[in-house]
Amino acid sequence: MLVRLMYASRATAAFSEADLAQILKTSREHNPAEGITGLLCYSDGMFVQVLEGGREAVNARYKHIVLDKRHRDVVLLGYEEIVERGFPGWNMGQVNLHRLNPALVLKYSETGRLDPYAMSGGAMAALFREMCASGAIAVS
Amino acid sequence: MLVRLMYASRATAAFSEADLAQILKTSREHNPAEGITGLLCYSDGMFVQVLEGGREAVNARYKHIVLDKRHRDVVLLGYEEIVERGFPGWNMGQVNLHRLNPALVLKYSETGRLDPYAMSGGAMAALFREMCASGAIAVS
Amino acid sequence: MLVRLMYASRATAAFSEADLAQILKTSREHNPAEGITGLLCYSDGMFVQVLEGGREAVNARYKHIVLDKRHRDVVLLGYEEIVERGFPGWNMGQVNLHRLNPALVLKYSETGRLDPYAMSGGAMAALFREMCASGAIAVS
Amino acid sequence: MLVRLMYASRATAAFSEADLAQILKTSREHNPAEGITGLLCYSDGMFVQVLEGGREAVNARYKHIVLDKRHRDVVLLGYEEIVERGFPGWNMGQVNLHRLNPALVLKYSETGRLDPYAMSGGAMAALFREMCASGAIAVS
Amino acid sequence: MLVRLMYASRATAAFSEADLAQILKTSREHNPAEGITGLLCYSDGMFVQVLEGGREAVNARYKHIVLDKRHRDVVLLGYEEIVERGFPGWNMGQVNLHRLNPALVLKYSETGRLDPYAMSGGAMAALFREMCASGAIAVS
Amino acid sequence: MLVRLMYASRATAAFSEADLAQILKTSREHNPAEGITGLLCYSDGMFVQVLEGGREAVNARYKHIVLDKRHRDVVLLGYEEIVERGFPGWNMGQVNLHRLNPALVLKYSETGRLDPYAMSGGAMAALFREMCASGAIAVS
Amino acid sequence: MLVRLMYASRATAAFSEADLAQILKTSREHNPAEGITGLLCYSDGMFVQVLEGGREAVNARYKHIVLDKRHRDVVLLGYEEIVERGFPGWNMGQVNLHRLNPALVLKYSETGRLDPYAMSGGAMAALFREMCASGAIAVS
Amino acid sequence: MLVRLMYASRATAAFSEADLAQILKTSREHNPAEGITGLLCYSDGMFVQVLEGGREAVNARYKHIVLDKRHRDVVLLGYEEIVERGFPGWNMGQVNLHRLNPALVLKYSETGRLDPYAMSGGAMAALFREMCASGAIAVS
Amino acid sequence: MLVRLMYASRATAAFSEADLAQILKTSREHNPAEGITGLLCYSDGMFVQVLEGGREAVNARYKHIVLDKRHRDVVLLGYEEIVERGFPGWNMGQVNLHRLNPALVLKYSETGRLDPYAMSGGAMAALFREMCASGAIAVS
Amino acid sequence: MLVRLMYASRATAAFSEADLAQILKTSREHNPAEGITGLLCYSDGMFVQVLEGGREAVNARYKHIVLDKRHRDVVLLGYEEIVERGFPGWNMGQVNLHRLNPALVLKYSETGRLDPYAMSGGAMAALFREMCASGAIAVS
């Protein structure tokens, strides 16, 4: 059974570029073997990640992520059983957002800064789709 | 939570181009900081304005506007919670309508003159969308 | 409140081209001032007219038309409150049908001759839309 | 083809109970022979009437009614082709409203007084249905 | 045109039972004459009010209310054009909530305390309907 | 923002009645203060739990639960934003299932034994609803 | 494949009660063997009949009926493939209508007399259903 | 009232090209005067014909056709009241199918040979539409 | 994954009551252990059976049944993935139909005799549901 | 009656290219004569096949296939009555998949390897459609 899981979290104060690189490396090692695909978005000290894959695999990996000390306030934005993946071609962890288009963020939020904690899961997903479609996401 | 608010009002008799310029200036100062976007339409001594943004911000600003002595008979045409803005790219106050296309107005009203007080909110919104789409709105 | 009214009628035996011209002239004088737009179709001694505009204006004008001695058997084919006009750009009375495309009429009726009395309002409206779209209506 | 026609009108200043009785008498003579059924509501100097029957019959009778000098400002509220009558058992003209329930009227209008001219056809029809259902209509 | 308007606000610190009584008295004097009906709910220093009536009347009264110094943070929860009132029989101002059923509030909110500022307009309306239906609203 | 979260897990081999009692006690202490309601179902060494409440509160508590050493293989079965709770009156932790009705379980699964890991979230939710409705859940 | 066929026809001038009895007798002999069920309605010199059964059987029988010299102007009112019969328990030919309820007929037609030729198939079917439901059909 | 009637039949053993020509000639003489349009398809000793026109006209002509000794086993495939014709431009009888595209027939039937008796009316109509669209029908 | 499978078959000429008893006995032994439930209907030398259970289990058992020499012409009438069983409480094999209600069968078929080969899967399922609901199925 | 049947199976250990060639040869001989079309997909020791055709023909052939010793674990993925074939132009057996695009498979499954046993029939059908559309299927 395929599922899609989306969550938001806040990086800890000490979080650095090196930490991000490390997470991406880890993800590239684990995810393919576990059949997990998705998208990791980092911006303004906040993460939003989409994980897609088998139900057991995604939940097992999500348990690790929830416990990871490099971020906190992990909050699920959405979780659903799916028939087909939305991000089959993306290898998780390859995405590093340095600068989000504020106009695009503004369209879905109260201010031009991304704050997934103030958004419904549906709005976040819509913003994600539009970011992907518009190429606003810069691949590192 | 994002909301969209649309209202109509009548300019006071003494209302001048200078007043309009002043309103636009004020709006350009306030709105971006409050995450408010939208559209201000002025024609034949009547205003129709759309305000989009966070629920608190829009209501707080609307309170100021309702009290503004430069217009009267402020009447809500619509108010709804939205997932995405319809006018994310417009900076409020930039729009100044010198001449509305009567044929277009006629399509949604009983006569060729814009009278939002005689229209339902839905008709006003449809007219707005068509004005935007057709470029009938002249940006000052 | 905008409404659309459609009716059919039969010209009296004595009806002439001059009568038609007179009706068109009258319509051009009255309708714009009353915010009434629409379409007048004359063919084979029968009229079908669409009137769009404010509810009071359309009904007041319709009362005059019903009483007009130049036609009889006036029968409503449709009447509805609308949000937007279907014929905002047409000035009533400009249309004079000398020859309807029988193939087009046949599509919606039992014979190739237009007989609105044998048609539902919906079929008549569909025929009208197709006539407009296909340019089958000859503007005098 | 069956149709349903609903209109509103204003009684002339001189309109009296005797006039109403006369209209009812006339209706009782004409309508059954023409297959016309419906409802006549009189209140506060205003009429709202529903006529149901064959398309030709209803339009012919409506022409007479529109011309009747005992009322003015006749405005169509609705007109539609129907498969079955809504008032098959009512003999037109039997209904005489001396007193409408204001609470019921208030539910569909801005004030407690019936003003069909300020109502959409849909609201009027809904009020009618509720009046019938609740027995608020007093049969003379 | 009928509209329904719902808003929330916070009573000022000094707000007293006497103030509430005064508001109710004022409402009873104004609203019937203006064709305004609805519901005023007061609980834990917060108001939620529903106003129904003609578009102009409701907006004019709302302007007064927004300016009223006895409360602040007035935020619209909903506004829509309606065909029929939901509260035609309630005289505004008769309702005084001393104690809301926490179980009922909990059903629609994150905690057992009513906080309309943390709720969508739809949830607030649903809570309102259930309070009315269950008799949870105590009429003073 | 209210959410509903449902998961399944397997009790560790050593899990005892005393452990269950301890979990119930803890839940009774924590959940009300956090505005969390729901249902805990224990059967055949497996848990299925529904948690309802504010998004932050539910996620924070879920993090604790995921880490709890008394069970493993925690797998999300469903997660959604809701307008109203489905279990507002249940105090979490009061439910202890000694014996599930196999006929009922069979209706939604391949065998008569409850195996949430082999079920979709939708089927699990349907089974839950029917268990509640039929009183099949024994409250300890 | 099951089908339902409905038609109307006019009895010839000479048609008598004896003819009707003969038709009923014939139908009782043929129809059961051919798996044909339905309803025969005779009123005011007109027939409306519903035939249900296998596609071949119904068409073969209909050919005989079309040719029958005892009636003329046979016109199909409806024909459709069905999954289940609407009249499985009626033996064709048992129904003899001496007197139709005019109020009921009026509901679906322009006058109180049944004229299937002036009705759509849908209206005729609706009338049929209501006649059956209300017991208005007298079984001979 | 416009109707569309579709039937299938089997040509008698002796049926020849001359017979077909004769039918086409007869149709060209009768149908236009009766307002009947449609399509006659002949293939492998079987006919499928669509007749469109007024209800009385189509039924009267169908009676003649059912009785025609040149074919047998006439079976209705469909009959419905329509608002607009599907074949307004075709003069009945002009179509003579010498060779049907077996691939196209196979798409809607169990074998590559057209057997309307083994098809539902809906499948036959779909095949017809696709034959027309693809030009598979050869006009004689 | 749960599935529902329905098929029809013809008993071989030699099929006896003893054979049926044997099948029932076998089914009672196998099915519960495999989580298979359903219904076996035997009438006029034909079987219709519904099998519900896990996808693998149902298919494995169906393979045995297809090969069973006691019947032939096994034809699938339906197969679908389901969320909940329709026959959770029936132990397969308990049902023995000596006499089907012909009126009920007639409702869904061309004659009063059950012939699943001449029926669509949907009609067969509808007949099944009605037989169950009406108690027409006699349990041996 | 047309049906579409889809199943999965596992080739036996000894299965060779020669076996596949033999199956294709057999299919090319049998299927056209039986009006059966479809698609046979072989990959990683597993088959997925779609069979379309008459209900009897498809079931008779499926019985042979289920018994074929060259594969095992035959499991139906879908079966439905259809109006038109999805693969009318494919001759069964011509397709031989040496290499499936893992990215495409990953989109519908938990890992990059095709495992129809872990997929719902709907997901398998969606994958099939996309493989056909993208040309991912290599025709031998």
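Which chain is which? They are A, B, C, D, E, F, G, H, I and J, in the order written, and residues in each are numbered from 1.
Keep this in mind: a contact is a pair of C-beta atoms (placed from the backbone, for glycine too) under 8 Å apart; a residue touches a chain by one contact, two chains touch by 3 or more.
The structure displayed is predicted, hence computed values, not measured ones.
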{"item": "Chains contacting each of subunit E and subunit H, listed by label", "value": "none"}
{"item": "Shortest contact path, subunit B to subunit G, counted in steps", "value": "3"}
{"item": "For subunit F, the least number of touch steps when starting out from subunit B", "value": "2"}
{"item": "Chain pair with more C-beta contacts, A-J versus G-H", "value": "G-H"}
{"item": "Angular offset of subunit D relative to subunit G [C-alpha, multiple of 5 degrees]", "value": "70"}
{"item": "Subunit C and subunit D, separation of their C-alpha mean positions in angstrom", "value": "27"}
{"item": "Inter-centroid spacing, subunit I versus subunit F (mean Cα positions, whole Å)", "value": "37"}
{"item": "Separation of mean Cα positions, subunit J and subunit C [Å, integer]", "value": "60"}
{"item": "Multi-partner residues of subunit F (each touching 2 or more other chains)", "value": "1, 120, 122"}
{"item": "Chain pairs that touch, as defined at the top of this document", "value": "A-B, A-F, A-J, B-C, B-E, C-D, C-H, D-E, D-G, E-F, F-I, G-H, G-I, H-J, I-J"}
{"item": "Of subunit I, residues touching subunit G in the complex", "value": "103-104, 106-112, 120, 122-123, 126"}
{"item": "Of all residues in subunit I, those that touch subunit F in their complex", "value": "1-2, 35, 37, 53-54, 57, 83-85, 88-89"}
{"item": "Residue ranges of subunit H in contact with subunit G within the complex", "value": "1, 3, 5, 55-56, 59, 62-63, 66-67, 73-76, 78-81, 117, 120-122"}
